[in-house]
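Look at the two complexes coming up: subunit A is in both, with subunit B in one and subunit C in the other.
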Partner chain A sequence: MKEFAPLLHGYWYLFRGAEMTLLMAAAAVVPATFVGILLALAQVFGNRFARSAVVGYLFVIRGIPLLVLLTFVYYLLPLTGIDLPPFWGVVVVMALYYAAFMSEVFRAGILSLPRAQWDAARSLGMTRQLMLRIVIFPQALRLASPPFVSLCANLVKATSLVSIVGLWELTMASREIVERTLAPFQIFLGAAAIYFCICYTLALYGKYLERRALVGH
Partner chain B sequence: MPLDPHFIARLIPALIEGAEVTVELAILTFAICLVWGLIVALAHSTRGPLSWIAGAYIQIVRNTPLLIQLYIVFFGFSMIGFGLSGFASGLLALCIQNGGYMAEIYRGGLQAVSLRQYEAGRALGMRRATLYRTVIIPQVVARIIPPMTNQAISIIKDTSQVAAIAVMEMMKVAEVWVESSANTYDVFLGVAVIYLALTSVAGLAGKLFERQLAFAQ
Partner chain C sequence: MANILSGAPSLAIDIVPVLARPMLEMSGVSKRFGTLEVLREVSLSVQAGEVVVVIGPSGSGKTTLLRCINLLEDYERGIVTVDGEPVGYRLDAGNQRVRLPEREIAAARGKIGIVFQSFNLFPHMNVLQNITAAPVRVKGISRAQAEARARELLAMVGLSDKAAEHPVRLSGGQQQRVAIVRALAMDPKIMLFDEVTSALDPELVGEVLAAMQQLARAGMTMVVVTHEMSFARDIADRIVFMDDGVIVEQGKPEQLLFSPTTDRVRAFLKRYNDRYRI
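For the complex of A and B:
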């Protein structure tokens, strides 16, 4: 059992990496959600200019790998002289990247509400603002929550990419330990198990939300 | 200096050479996963231990990052004396992950065909093979084209992660050029444009295929 001692230390180190992964994902998901909702609103309710701006943004973001943008920022940040720690640099990129996918989720939520909901609210004499606030948005958010949660799981997986541009989190931690212990299977499988626990929990939660969202219909 | 024409004239051929590897990886992954995903989906639709194994496979590969799978294949296999080249490791990891996603797409397509379609076919006295060939499969194919198109786009973007194990695909070529020239803007502009072009072509191909099928029906 002696050979397991360094591995046990390794696993402990992985958990600290996982903490960083969760922190990074949480820091990115909040602004991503916020910007995603704004983009969705602009695309559904905005004028022609706003709509085409959003469509252009989505086209560009969804056609380029996240890794390209992360690497770009990694090389660019020092050049621009913006004094932003690398952690916040990647958080901003991830947030802007995932905002595009979030906006699709929220837009689908708004658009998949039956027409009758809008008509009913209007026939009750509600102002547009009131209608959106108490009729449309609560239901749209409920419809959007299952895909939102699976997008969050995707974001957690995507944080592994920041290890390529040199940030320390779970994947970077596992690479460091592998370099020291030369036990790639044990360590990488350990890291995979941690990612799995996080993402599968989110996936199950998404399934639960999906079942619940169907109940009302 | 950004947008230096002499630099771009030398850069473009190098990037295109990298893009060839990117395209090769993406097409191979897509083609292999079309088959592998179907096998997994069919295994998942049976009853018994085979279904359980397929289900576990789908959940595990979908809820762990591609990058970790890549490291397990590349570093893990070489540790046990079963070393694969970077390209082969990348291809294997891409297929492992996307096979899981494609299996879910097939499953969704099969589930979306209502049971009444089977009953109606049988009521008309169709043989099993005829029923599948003329009724079920055309409907499944029509339904899976949009998600398959998205998966193809996602595969093209995923190939960039293979740069992490030093395969000279477009992302790695770009990194080398940035490191050696410090002309960050031009390199990333070129890479972004080529990725956008590749993903747009995949998206358009999916749309065309969809339309052609709509005519055929």
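For the complex of A and C:
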């Protein structure tokens, strides 16, 4: 038990770091979801130009590691004169990065609906907007929700990368404690446990959504 | 066959059949999928209150014909009107086809009921929501009024107790009756049925056919694609035989089924009779 004394002394600091991690993840998930839905709509319903632009964007984003992108923007922003606090800079990069993956999840949800559902809605005289709102989206979002939650868990874990560009969150907090206590195994075990608890909760929620998505199918 | 309508309220559909007034006019409709011409200059006129049954071998264009009527399938040539109003295209002064705006097409579709082979109910909505969604959102009827009408129609097909169920909890026959009610709730001018019993267990076919027969008796204009020949004989005012994208022969049920004039229909019916009895 004595070996875990550094962890017992530092746990409050870790929790504060976890709080920052959650804040950062939540701040990135909201715009990522919104942009992801827009990209998915552009890809499914857009004209050729919109579809090509989205495909190009996804192609580029998927080919670049998040860490490289974070570092690139970290050095780029001061050169462009954009005065964005580092927290929001990171949130913007993560949101745009994960929006690409989320758009694929939403697009798959929309396209996985049988054509018969579209036919039924159209045959009842629904306009495209109405059909999307009351027939397609409710079903597509249910189908997309399990992989969406999985992506959210991924995003939470990806926040650990921002410590590289000097932002303070759970991983950075852990490193600071390690520097003071020289007990890396205990501290990072504690950090891993916190990450696990957050992601496991999300996974359980994903399972719940998956069960709910199956209702009516 | 159990009479699903026994004890049900009298038919709650307000239809005034006026014969000799064309409800549906298709003229020169052609449709191709790639290089395959599925409909070739098909013209068909259906009078108000008339029940037209379309028969023919698989791949003859029957389903495409129905789907072209309400523009679920776009077509390259021809014009379709329902009760005198164009559905997808109108002719301009120079006799050129002009596509109607999407909003007008949607409005026209709302006046044409269609029931599909695979029911196509919305699985995330319960039965009542399935039926009331379009009347409320498309026609702007009040929710209370739409629900009252839905319950009336559900009673008509013997499904009063299923209003709160989700489609997945219903049998195929029940789902198909809900699909019929959903289409009727829009007060359509014409009903289209696309092989509505093909996906059902034989034991469940009767309940769906009974609901359709009741509709026909009430004077609803209907175009029915089916492989149920005995049902076609019972319900049809006219049978249309299609093959290879054209109407080969049409006539009264007795005439077409028992003394067809073309070899193609004779061959089709012979093959059918070898397997089933009409």
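Points to keep in mind about this one:
Heads up, the rule we're going with is that the second predicted complex is superposed on the first by the 210 of 217 C-alpha atoms of A that agree within 3 Å, B and C clash if a C-alpha of one lies under 4 Å from a C-alpha of the other, contacts with A are read in each partner's own complex, and residues count from 1 in each chain.
Rule of thumb we're sticking to: a contact is a pair of C-beta atoms (placed from the backbone, for glycine too) under 8 Å apart; a residue touches a chain by one contact, two chains touch by 3 or more.
All values derive from a computational prediction rather than experimental measurement.
Residue contacts after overlaying the shared chain place A:Ile82 against neither subunit B nor subunit C. When the shared chain is aligned, subunit B comes close enough to touch A:Arg62, but subunit C does not.
When both complexes are overlaid on chain A, the residue A:Pro138 reaches subunit C alone and has no touch with subunit B. When subunit B and subunit C are set side by side, the one touching more residues of subunit A is B.
Contacts of A:Ser123 after superposition on the shared chain: subunit C is touched, whereas subunit B is not.
In the superposition on chain A, A:Thr71 contacts subunit B only, with no contact to subunit C. Of the residues of subunit A, not a single one touches subunit B in one of the two structures and subunit C in the other.
For subunit C in complex with subunit A, the touching residues are 70, 72, 102-103, 106-114, 116, 118, 120-124, 133-134, 137-139, 166-168, 182-183, 186.
On the subunit A side of its complex with subunit C, the touching residues are 116-117, 119-128, 130, 134-135, 138-139, 142, 215-217.
Within the complex, the subunit A residues that touch subunit B are 59-60, 62-68, 71-72, 75-76, 79, 153, 157-158, 160-161, 163-164, 171, 174-175, 178, 182-185, 188-189, 191-192, 195-196, 199-200, 203.
The touching residues of subunit B, counted against subunit A in their complex, run 59-60, 62-69, 71-72, 75-76, 79-80, 153, 157-158, 160-161, 163-164, 171, 174-175, 178, 184-185, 188, 191-192, 195-196, 199-200.
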